[in-house]
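A, B, C, D, E and F label the chains in the order they appear, each numbered from 1.
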Amino acid sequence: MVYLTRVEHFNAAHKLYNPGWTREHNEEVFGKCANENWHGHNYELYVTIKGQPNPDTGFVFDVKKLSEIIKEKVIEQIDHKNLNIDVPFLEGKMCSTENLAIGIWQQLQLFLPAEVQLHAIKLYETPRIYVEYFGE
Amino acid sequence: MVYLTRVEHFNAAHKLYNPGWTREHNEEVFGKCANENWHGHNYELYVTIKGQPNPDTGFVFDVKKLSEIIKEKVIEQIDHKNLNIDVPFLEGKMCSTENLAIGIWQQLQLFLPAEVQLHAIKLYETPRIYVEYFGE
Amino acid sequence: MVYLTRVEHFNAAHKLYNPGWTREHNEEVFGKCANENWHGHNYELYVTIKGQPNPDTGFVFDVKKLSEIIKEKVIEQIDHKNLNIDVPFLEGKMCSTENLAIGIWQQLQLFLPAEVQLHAIKLYETPRIYVEYFGE
Amino acid sequence: MVYLTRVEHFNAAHKLYNPGWTREHNEEVFGKCANENWHGHNYELYVTIKGQPNPDTGFVFDVKKLSEIIKEKVIEQIDHKNLNIDVPFLEGKMCSTENLAIGIWQQLQLFLPAEVQLHAIKLYETPRIYVEYFGE
Amino acid sequence: MVYLTRVEHFNAAHKLYNPGWTREHNEEVFGKCANENWHGHNYELYVTIKGQPNPDTGFVFDVKKLSEIIKEKVIEQIDHKNLNIDVPFLEGKMCSTENLAIGIWQQLQLFLPAEVQLHAIKLYETPRIYVEYFGE
Amino acid sequence: MVYLTRVEHFNAAHKLYNPGWTREHNEEVFGKCANENWHGHNYELYVTIKGQPNPDTGFVFDVKKLSEIIKEKVIEQIDHKNLNIDVPFLEGKMCSTENLAIGIWQQLQLFLPAEVQLHAIKLYETPRIYVEYFGE
């Protein structure tokens, strides 16, 4: 079993704001991340798949194809977007890095070929904060 | 003459949008950067000053004090903010990285002690795009 | 289950020196790391916790609170310190990166709220050497 | 149990080319990576071992000795080499990053002292593509 | 005057080999870089232009257009190529990083719009070696 | 004219402490950097030289020789050392990054071949603080 990772980049606006709470409570809990006028990040997305290398190619899976699927099905939907407003797969969820990573996992699962086993989503929100999700 | 650089971090939302143009023309010129719902970035800010090291301290200037001035006078005003809406020193200007770097230079000049000579502002918008401004 | 990581920075002096050995044997085993006058490092500390995201916040745990706990309970005790002399939780142990990582794990366990599950300590001593500890 | 990682660097030429296929089929499958005149990479190699720290040294294993073994037994054979032509332990295999990581694992296993437990090989082909292999 | 930099990536094979010298003398001068079977690198290319920001856009020049010109006119010609064999603008020159940087400058000058002032080419051959060229 | 840079690494202990001042005044001025028991850093050293590429080699200067000179004449003297105690070329000077960069420039000037023109010393003390010195 070999694990193959491809790193992609996107940037987006968001705010941490629970619409069921008052403005004051949002500011209490989320601090400056609750700024109503939004803030944003450069995200680094690591997608890891696993499998046996094919003897004819030496590949677990063609990393160029993996990159194309990530770009078409995930990056296209979140790059230069407002995560709270523009992204169908985040609707109704808090826009934390945790939920964004879970959403990206679920989105990729819909579009990866059956022979590809997704292993992990790792998502940097800043160079000093990241989350990882393994599907369960 | 020795050059001393301190690196600080902030993140913010913005859009590239000229209010004097139609929406269509903005999208033509700025592409997805014109998204009306904003996007955002993690910015890395490099502030370089220059001078003779003081023989008693070995310092051009105390880098901790430099960091405090940058944080109080610049980062406080732009971190977790919307650059098009929340930042007085950018009012009436297009929110490009170029103009943000010039604005930071002008803002710092107001507050750096007279003995400190500002040399350069270097500002990364993404890991692959940065601008530099030397005051003229 | 989502894994959340916060990265913090500190620097410190140390030497690799077993006081039960002669100077010659220390130099034989530890080479220039045994320099009696000390050397030092910039350390990068990765603290990973795990849990279910809270539906109200989207957070496994508030990363700002996690950062404050790490800074107060760990960084304060080791930043700009001599690891062989100044750090109670390393007393009587060899000052290797391995033992420093284990010590940081034990120190954090004393102060993390009961609902937080510590998963891993990853500690870079140089950009080319790091250790990981998972608590067992 | 503590995990200790050492990072080493090498660079090499290769092409992705299955000699059992026509030139056209190679280009179809591997695109510009099939360029008959070769291309190349700077590789970053992460070698992770695991064990109990020795109480006398604080070490899982002396990282300088680990580095020497990696350099002598692995880097010497692949640095500034053509992976398709010059490397005995890759003969008859496709020169993918996957197979290179497996080959490095097998090569290291032959030369690591019996008390050292190899845990993982992580190999960056570019800053955006890496593979990991855990020996099974 | 503001300086704007765009970073691009490519990888290539090459060898350092003066065809006017014997094999022995090449090995004497270039060591393992003279390997007849080639080696290769991941290169990081920094292209810096300078100018006054346009008040309507805030841009010195549209960085997306700059990126497209670099990719079409430079990266296309050297990415996944053999620098000694495949690259017209290096013909008859030694394939050092110095000459590659000068060649890229000359190539870009042919295709940058008249209003764009090229300021610098910075080229990393490895994370520890880079050259800079300012056109004279 | 082409500029060639080689990056080297070392680590060392130091303290910021003016022996002509009281302990209290040192702590007032230098804060935790004045810790009498020392602290330390991983330093990244960038050495830049300039010149015309030699047509026979394509080199401004052989970067491997440059690296050997830096290692023998500079790194050997400061790596795994105490900068306040162990380093002849810093004797009698405050151990700031500024003075360390100037000292490295002067040390290198003694040993670089006459045909090599030193252009700059850039020295990172932490990933967020660096100084540059151009010899005047």
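As a convention for this text, a contact is a pair of C-beta atoms (placed from the backbone, for glycine too) under 8 Å apart; a residue touches a chain by one contact, two chains touch by 3 or more.
Fair warning: this is a prediction, and the values are worked out from it, not measured in the lab.
Q: Same or different, please, for the chain C to chain F contact, judged on whether over half of the interface numbers appear on both copies.
A: Mostly the same residues form this interface, as more than half of the numbers used are common to both chains.
Q: What is the chain whose Cα centre is as far as it gets from that of chain D?
A: Result for the farthest chain: B.
Q: Rounding to the nearest 5 degrees, give the angle of the rotation that lays the CA atoms of chain B over those of chain C.
A: Superposing the C-alpha atoms of chain B on chain C needs a rotation of 180 degrees.
Q: Suppose each chain is reduced to the average of its Cα coordinates; what separation in Å results between chain B and chain F?
A: From the centre of chain B to the centre of chain F is 29 Å.
Q: Between chain D and chain F, what's the gap in Å when you average each chain's C-alpha atoms?
A: One centre to the other, that is 33 Å.
Q: If you look at chain E, which of its residues touch at least two other chains?
A: Residues 127.
Q: What is the complete set of touching chain pairs?
A: Pairwise, the chains that meet the contact rule are A-B, A-C, A-D, B-E, B-F, C-D, C-F, D-E, E-F.
Q: Inside the complex, what are the residues of chain D that reach chain E?
A: Those in contact with chain E are residues 9, 11-14, 32-33, 35, 37-42, 79-82, 85-86, 126-127.
Q: Looking at the complex, which residues from chain A come into contact with chain D?
A: These residues of chain A touch chain D: 1-8, 53, 55-60, 62-64.
Q: With touch defined as at the start, can you tell me which chain A residues reach chain C in the complex?
A: 16, 18, 20, 29-31, 93-99, 101-102, 127-134, 136
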